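For clarity, chains are labelled A, B and C in written order, and residue numbers in each chain start from 1.
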Amino acid sequence: MSLKQPLLSLTGVNTYIGQSHILQGVDLIVPAGHVTALLGRNGAGKTTTLRSIMGLWRPRSGQIVFDGARLDGLPTHEIAARGLGYVPEHRAIFRDLSVFENLQIAERKRGDLDRALPKLHTLFPDLKRFESRAGRHLSGGQQQMLAIARAMVADNRLLLIDEPSEGLAPIIVGAIVEALKQLKGQMTVLLVEQNFRMAAALSDFYCVLDDGHTVRAGEMAELTSDAALTARLLGAG
Amino acid sequence: MKIIRENAPALALIGAMVLFPFAISLLTGEPIDAGTPKFWQGMLAQVFILAVYAISYDLLMGYAGILSFGHAMFFGAGGYVVGILLKHAGWSLPAATLAVILSAAALSLLIGVTALRVQGVYLTMVTLAFAQMMFVISEATDFREWTGAEDGLQSIPVPAWLSPTHQRLTFYFVSLAFCILSYYLVRRITQSPTGRVLVAIRENELRARAIGYNTFVYKLVAMVVAGIMAALAGMMNALWNLNANPNMLATSTTINALLMTIIGGAGTLSGPLLGAAFIHLLGYGLNVAFGPRWPLLFGLVYVAIVLFLPYGFMGAWRSWLLKRRLKM
Amino acid sequence: MITLGILALVLLDLFARFEPRVAVSILLSGLTLGAIYFLVSSGLSLIFGLMDVLNFAHGVLFMAGAYIGYAFYASGFGQSMDSNLRFLIAILVGGASGALLGGIMEFALIRPLYQRPIYQVLLTLGLTFVGTEIIKAIWGTVGYFMETPKFFNTNSPNCPSPSLLDFLADNCSSILILGRPFPSYRLFVILFGVLVFVGMITLLQKTRIGIVIRAGVQDAEMVQALGVNVRRVFTGVFALGTGLAGMGGVIAAPIIGVNLAMGQEFLLQGFIAVVIGGMGSLVGATAGALLLGLARAIGDQLVLSGLQLPWMEQALSLSPSIARASTVLIMALVLLVRPAGLFGKKD
């Protein structure tokens, strides 16, 4: 496994939600400049991994290192300020804010938005068209695009994207895949995705979780060329 | 034999309480119906009454998870109903007691049907609002001839056999019996299937509903039972004081219930019992020591307990037991 | 829509029942009360919307603002100052003390309890008790009367001022409106309420902090994940809300006096306004406060003139307490029809 310099690495991360032990020692490496897919069955701990990275659940033990510095134990807003953009499950855009305000709130420094806006509008032209529309009046696909764009307003070096295709029509998923493809090479991405074909098309590396453990990690090519291995790791699919 | 062994601590406590007046009399050498023995009978009688009030609150808050800030309205209603009926309508005590039960049931049904439509803090606000309404009405000058307005309803004619001044020992035993019966009744409820449904509602109402329980009805039952018990406690309190006053309906009376429940440990039945004893005796002690400033200290104690001892004495005791057992 | 409908009905009934000049003066009284309720309910609603804390100590901070503002206004310390200036500063002092006490409270006592929401409510209720006792210890149990400043309280042969413009010249304590005198200070209270409302709307709609607050009402966690220190915003909004309440206490003092009952009373009315309007919405809190103010003004008038329903031979005369108690029934009614309130976003 040829790994470049990792931008983010998790070592032996254990996270509890209430009494339940959800992450039971997750190891994960996200190489800089690449897309890494976090795969696994429902309930394997993928979303919890992202939330643990963001500090939304506090890991009880283990290390999370981003760009050489520990993240675990920091409050969420400081983690984000280190340069992590988070696109949560179900998108979580602000329904009462306009599209523009949804982007504005993600500014961390004055001028962030002015700088990012042209690029975001090229990636997602709809956002320009519906700039003053309230978030709740957007379609699911537009909300997803807004959520991704929101994570790119500030000068982030890593995007954590949770299930971008969830609940969207295939044609819209296609548009989002296209947009994310344009990001490849420019940004480091950790992608949680149930839809294996989408994950395979976008990612350079993968990591499979099961029952809160890391089962296997490697280059995506290894999975795409070995259907039997994929089936064994991810079940039918 | 088994029943006796299982309930040994409770039976011992009851025995101790029955013997208490005689023991004090023996110890001090004073007659049982005067001086120190009489004083302590009064103190404990008040503890018994407050304990019932606290237990009724615990049924709502500790078991069903209903955080009502209007519990004082039942306590006060009990006091006013018995006072008005004895003083102005000339009813007998048994008839007035029945009226207290019926009116408390009606009131709690009315409040419950309205307040239980909303959840969480909304319910808290709504119950507080209703209680404030009752408080304002009790002070309203419109009904002065019935309620005595802000002075309260004075000199309620308590039947001679129960007079707290002349028949203190009788009053003591009646309060004790009232407390034991109420405790037993609530224990029966909490250990019954209904009690388990209430706890399920507290833990996760959606799930309880998904299983097929009509959670509204269960919560309503809890409110009615708690309402009746609180009203009876309020009635006993009015008989003890020979008056009913707006203060019985005030928010501080609800805070008192909260305090006794939390300090002892919500969701346990012995907790509120303990809490009532602690609060009443502490209140007396602070009053002796600090005079009119004692409510301030009282409030500070309450805040400290909310911050540092969230599960009360019983909770702290249980976790201590648990830790000790784990070590062994 | 519903609110407008109710409002229209209330107004229609008002004008049908009374002659226009009486109706207008009731309307203005209602707006005065509504403005004070608004200063309480807006903070309650914002605090609840953003951090899910139901602040039972809001009333006691309203009262603390009134006492501290009054103490400044009446003390020898400011006595050499012009009464208008003194009053203005008293408002600021009341607001500042509300904000400071609220901010400290959130930071030191409520913040450790965000994991245990019920205990926050229990705590704020306890603080109400403690706060009232502290005020009692400092200022005693008797109430105080707070005079309006000279600007609203000057005697001249022209009084009452025939019009608003004349008022600016002669500063009478009342102004003739449709030929009926109305206290000029109450008009100021209405104006003050409007200004605060406009200020709040501007803050919420036009500033970055406003965007953060509106977003936080929906999903504070996501705001945090974007790099905003939400906890600091929480403390700020808490202080803002309690500051408004403290200011409200000073503003209300010349009308209702300064006394130990005012905290409970206005907390209750604030709750009712918020329940009617719906939690977490500024517009809702405002609408609720106005409706409640109008209802109270009409209720007080009815109680004063005696209530005569068509089937009654003699008018029923009642004490003002009854009007006070009846607002609870309005709340119950709204809850039965719309449990989330008129503008409610959260259940």
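Just so we're on the same page, a residue touches a chain if its C-beta (ideal position, glycine included) is under 8 Å from a C-beta of that chain, and two chains touch if they have at least 3 such contacts.
Remember, it's a predicted structure, so these values are computed and weren't measured experimentally.
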| item | value |
| --- | --- |
| Contact graph of the chains (line, ring, star, complete, other) | line |
| Innermost chain, taking as reference the mean of every protein Cα atom displayed | C |
| Geometric centre distance via CA averages, subunit C-subunit A, whole Å | 46 |
| Distance from subunit B to subunit A - Cα centre to Cα centre, in angstrom | 54 |
| Interchain centroid distance [CA atoms averaged], subunit B/subunit C, Å | 34 |
| Contacts with 2+ other chains: residues of subunit A | none |
| Junction residues of subunit B, two or more chains touched | none |
| For the subunit C and subunit B complex, residues of the former touching the latter | 48, 52, 54, 56, 109, 112-113, 116, 118-119, 121-123, 125-130, 133-134, 137, 264, 268, 271-272, 274-275, 279, 318-319, 321-322, 324-325, 328-329, 331-332, 335-336, 339, 347 |
| Subunit A contact footprint on subunit C (complex, rising order) | 208, 211-212, 214-215, 217-219, 221-231 |
| In the complex with subunit C, residue positions of subunit A that touch it | 54, 56, 75-77, 80-81, 86, 88, 92, 94-97, 101-102, 104-108, 150, 154 |
| Subunit C contact footprint on subunit B (complex, rising order) | 67, 69, 114, 117-119, 121-122, 124-126, 128-130, 132-133, 136-137, 139-142, 251-252, 255, 258, 262, 293, 295-296, 298-300, 302-303, 306-307, 310 |
